[in-house]
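What follows is subunit A paired twice: with subunit B in the first complex and subunit C in the second.
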Partner chain A sequence: MPTVDVQDLQKVFKVPVRETGLRNSLRSLFKREHRMVEAVKGVSFSLEPGEIVGFLGPNGAGKTTTLKMLSGLLYPDGGTAHVLGFQPERRQAEFLRRVALIMGNRNSLQWDLPVADSLELRRAIYEVGRADFEQRKDAYVEMLDVGGLLTKPVRNLSLGERMKVEILASLLPHPQVLFLDEPTIGLDITMQKRIREFVARYAAQTGASVLLTSHYMADVTALAERVIVIHRGSILFDGDLAGLSDRFTAHKTIVVAVAGELGTLTHLGRVLEQNSFKAILEVPKEAIASVAARLLADYSVTDLSIEDPPIEDVIEQAFAIGDAQADEEEEDVRS
Partner chain B sequence: MNGFRLAAMHWKVGAMHELQYRVNFFLQLVDSAIRLATGLVAIYLVFAHIDNLAGWSRHELLAVMGIHILLSGVVRTFIEPNVFQFIYTIGEGEFDYVLARPVDSQLMVSIRNLRFWQLVDVVIGAVVIGWAVSGIVETTSWFEVVGFLVAVSCGAIILYCMWMILASAAFKWIRVDDTAQLLNGLFQAGRWPVTIYPGWLRLTLTFVVPLAFAITVPAEGLTSRLNGGTLALTVIVTGVMLLITRAAWLYGVRHYSGASA
Partner chain C sequence: MRKLLAVYAAEMKFAVANQMQYRWAAFFSLTGFLIEPVVYLVVWRTVAEQGGPIGGYGVAEFTSYYIVWTLVRNMNLALAPGSWDYWIQSGRISNDLMHPVAVYHRQLAGFAGFKFVWILLWFPVAAVLSLIFKPELSPTLLQGLVFFVAIWLGYIIRFSLLFLLGLISFWTTRAQALIEIMIGAELLLSGRLVPLAVMPEWVERLAGWLPFQWTFQYPIEVLIGQLSNRDVFIGLGMQFLWVGLMTGAIVLTWRRAIKRYTAVGS
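On to the complex of A and B.
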């Protein structure tokens, strides 16, 4: 049974329209104009226990709105969501105890309190038994290496330290579903890696499902095998990472190194880089085999590899295609 | 989780935090002393000219003032800091985390903060009430003591409701801090028994902003004016206020759209 099951979920925001200038500001005192913004336009997907899924999309695509609906913060305007069998919008205590929403660059801990006191407060709110609490706390403190921070007030922690403590606090009640919204934003590479490893380990040990948004593709490639791409409120792709590049790019790259001299290669594909003994070519997927064969036949090849384009490029390509599709649909609606 | 235990935990933390700032205690003492002095001067000035004000004697008015100070201490200690924090967090988006916790969101918002030093007003209010009662000649019956305690508790709850209804408006309008000041201004009208005001204002202070039930009724308990009917009505009004507050809160949460999408 899926832990998260979403069918045709929708959210519409009513946004005031503000025009610039004093005159318009005065007019808006008496007459407010609103515009309806469809942030999420009917998305459907599901997550299995233990699954870590990357949730990708450009800013404003509807990622955070979806996560907030799934964690019970926002009421959906259409469709249904079930998380661990609960309807999130009913916000039952039992449901809230079993899910966690972690947002990067937001603080949910008591600003003036030492970390340990904040954790204690969290224990009380989530009704975690004393023995479980101590045992989990010790284990997580060691895994995240935050032993020295427990006596410091939260306001004295660096961004990275605070994020580690934030994640630690959120996982103490042992949530079975984790919604991570940009958990590594603004952190340095080492800190990002540490948090990634911790999340991966937690999911492996507890069998929790994780839905993760991030602008750092390293987070996604390290943690998730499956990705869901959302764009302008609709799902563009749902499948494994490798499938993403199959779907959105028509090319692969060939990196070739030779012992002799490389002549012109433009007849074989688009040359991205070349010097006398090494070249990188962008080649249509269907021509990969024949181009590789010709290279091997015509040159004394010392090394040859066929690569998918970098995931960042694939995503960029996917968003561009999504933009074009959405514009087309809008055209259709108008005509 | 037991709401009281959670409240006690938060209050303990709040008190520990405030105790670090001893200077606030002295500032609060000075502030309370000034307000007490101006209040006393006003009563003295009025009674330099007349013997009673709409049927209220000097000591009886002192009792009203004592209750006003005590309840204003309750508002400033327990209610106002929470309401202002809520208005702030809803603007900043931190309210998301209140909603994410497995505790009733209204309870959570109502207990997170405590301005410990403002309790000075509660103590001063109690002293003024004692002083006033000692000057009122009639002996007080058990009914009046219990009536007073019930009425003053209802008064505190009504004030809580007024503030929380205002706070719920923040779900829709976000910037309601100015309106909160308006409520504070209205609360000042409670320094005097509502019976001294002209009819339209008296009706407003009874049924629109129920300050009459919050402050004048408890004072009636101390001054042998309270009857069973008024007390029962006060309890009913308190119950209705609680229901309206809850409905306003749930409506707000239902339509919460977050600070960012």
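On to the complex of A and C.
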């Protein structure tokens, strides 16, 4: 049974609009104009227990709005969502006790008090027994390496330290569904890695489902086998990472190194980089086998590898295709 | 209920720790608060000295009234409804909404916790005021007990009223004007500026329909002995009635308000 089940979920925001200038300002006193913005246009997907899914999309695609609806912060305008069997918009205490929404760059701990005080308060709010609390705290403190931070006021922590203790505090109640919205934003590479490892271990140990948004593809590739791509409020893709590349790119890259001298290679594909003994070629997927065979036949190859394009390029390509599709649909509606 | 009480206890403990971080700021704020009652006290003592008692208040009664005022004011200090504008616009309230305990309970408990520090700081200030103005206070055991209950009920009513007013921010981001009107009305109709007995009769009648006097004047009058036993218990009943009305209004409004939250900025 899925832990998260979303069917045709929709959210529309009513946004006030007004042209600039004094006349328009006076007119708006009597007649307010609004525009309806469809932030989420009927998305459907589900998450299984223990599954970590990357939720990708450009800014304004509807990722965070979806996450907020699933965590009970926003009331949906259509469709249904069930998380652990609860309807998030009803905001039942038992539901809120079992889910967590962690947003990067967001501080939920008391600024002026030591971290330990905020953890104690959370223990009471989430009704975590003393023994469980101490055991989880000790384990997470070790995993995140934050032992020295618990007695420091939150205001004295660096961004990375703060994010680590935010995650620690959010996971103390052992949520079974975790919504992570840009959890590593603004953090250095070491800190990003530490947080990724922690999330992966938490999900593996507790069987929690994780829905993760991030603009850092390293987060997604390290944690998620499955990705959902959302664009302009609609889902463009839902499947495994490899499938994403198959769906949205028509090319692969061949990296070849030879013992002798490489001549002109333009007849084999688009040359991305080349020096006298090494080249990187972009080749249509259907020609990969034949191009690889020709390279092996024509040169003394010392190394050859066939790679999918970088995930960032795939995503960029997916968004470009999504833009084109959305424009086409708008055009159809107008005509 | 036991679990909720445990959350209240934890929130209050947390609030005390938080407030202790700012003990000097709290002390100076408290001293600043005292300028208001001292001005009222000096003015009305002078009026009573020159023109005799008004509405049953002479020099001694005015003195007791405004000295007890300082404690009641501390007790009914609650959240500023204008804060909601910021919490909603910045999305800060999202953090609180993700917790399994209602925002109302957490805030009510938090402000209740602050009071333990404020009252601790109030004692020396009250001692100085008492030495200067020498109030005549000799409450009975019943008055003392009812006063203790009444100041907490007064706090709950005032907190709930401000909370309810703050919820307007879910509909408009410019609720400040309404808040100002409410604060003005409260000043006149609660007994904060002057005991209602001193005001024109129609003001007193109007105040009878509103919650303000039960948060301010009523607890003060209980302690200084201005009320008969019958009026003491009627007042207590009125406080419970307003707590019930406010709670119902908050439950109904909250359900609608939360559906309007757009969580922008968070």
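Quick note on the criterion: the second predicted complex is superposed on the first by the 325 of 335 C-alpha atoms of A that agree within 3 Å, B and C clash if a C-alpha of one lies under 4 Å from a C-alpha of the other, contacts with A are read in each partner's own complex, and residues count from 1 in each chain.
Here, contacts are C-beta pairs under 8 Å (C-beta built on N, C-alpha and C of every residue); 3 or more make two chains touch, one makes a residue touch a chain.
All values reported here derive from a predicted model rather than from experimental measurement.
Superposition of the two structures on subunit A leads subunit B and subunit C into a clash. Applying the stated contact rule after C-alpha superposition, one finds that A:Tyr75 touches each of subunit B and subunit C. Touch criterion met: A:Gly60 reaches subunit B, while subunit C stays clear of it. Shared-chain residue A:Val210: touches no atom of subunit B or subunit C. Applying the stated contact rule after C-alpha superposition, one finds that A:Asp117 touches each of subunit B and subunit C. In the superposition on chain A, A:Ile230 makes contact with neither subunit B nor subunit C. Applying the stated contact rule after C-alpha superposition, one finds that A:Leu295 touches neither subunit B nor subunit C.
Contact with both subunit B and subunit C is seen for A:Tyr126 once the two complexes are overlaid on the shared chain. The contact surfaces that subunit B and subunit C form on subunit A in the two complexes overlap at residues 13, 68, 71-75, 91, 93-94, 96-97, 100-101, 103, 106, 108, 110, 112-113, 117, 121, 124-127. Interface residues of subunit A facing subunit C in the complex, by the touch rule stated above, are 13, 68, 71-75, 89, 91, 93-94, 96-97, 100-101, 103, 106, 108, 110, 112-113, 117-118, 120-121, 123-127. Residues 1, 5-6, 9-10, 13, 17, 93-94, 96-97, 99-103, 254-258, 260-261 of subunit B are the ones touching subunit A in the complex. Residues of subunit C touching subunit A in their complex: 3, 6-7, 9-11, 14, 17-18, 21-22, 94-95, 97-101, 106, 258-263, 266. Subunit A makes touch with subunit B in their complex at residues 13-14, 39, 60, 62, 64-65, 68, 71-75, 91, 93-97, 100-101, 103, 106-108, 110, 112-113, 117, 121, 124-127.
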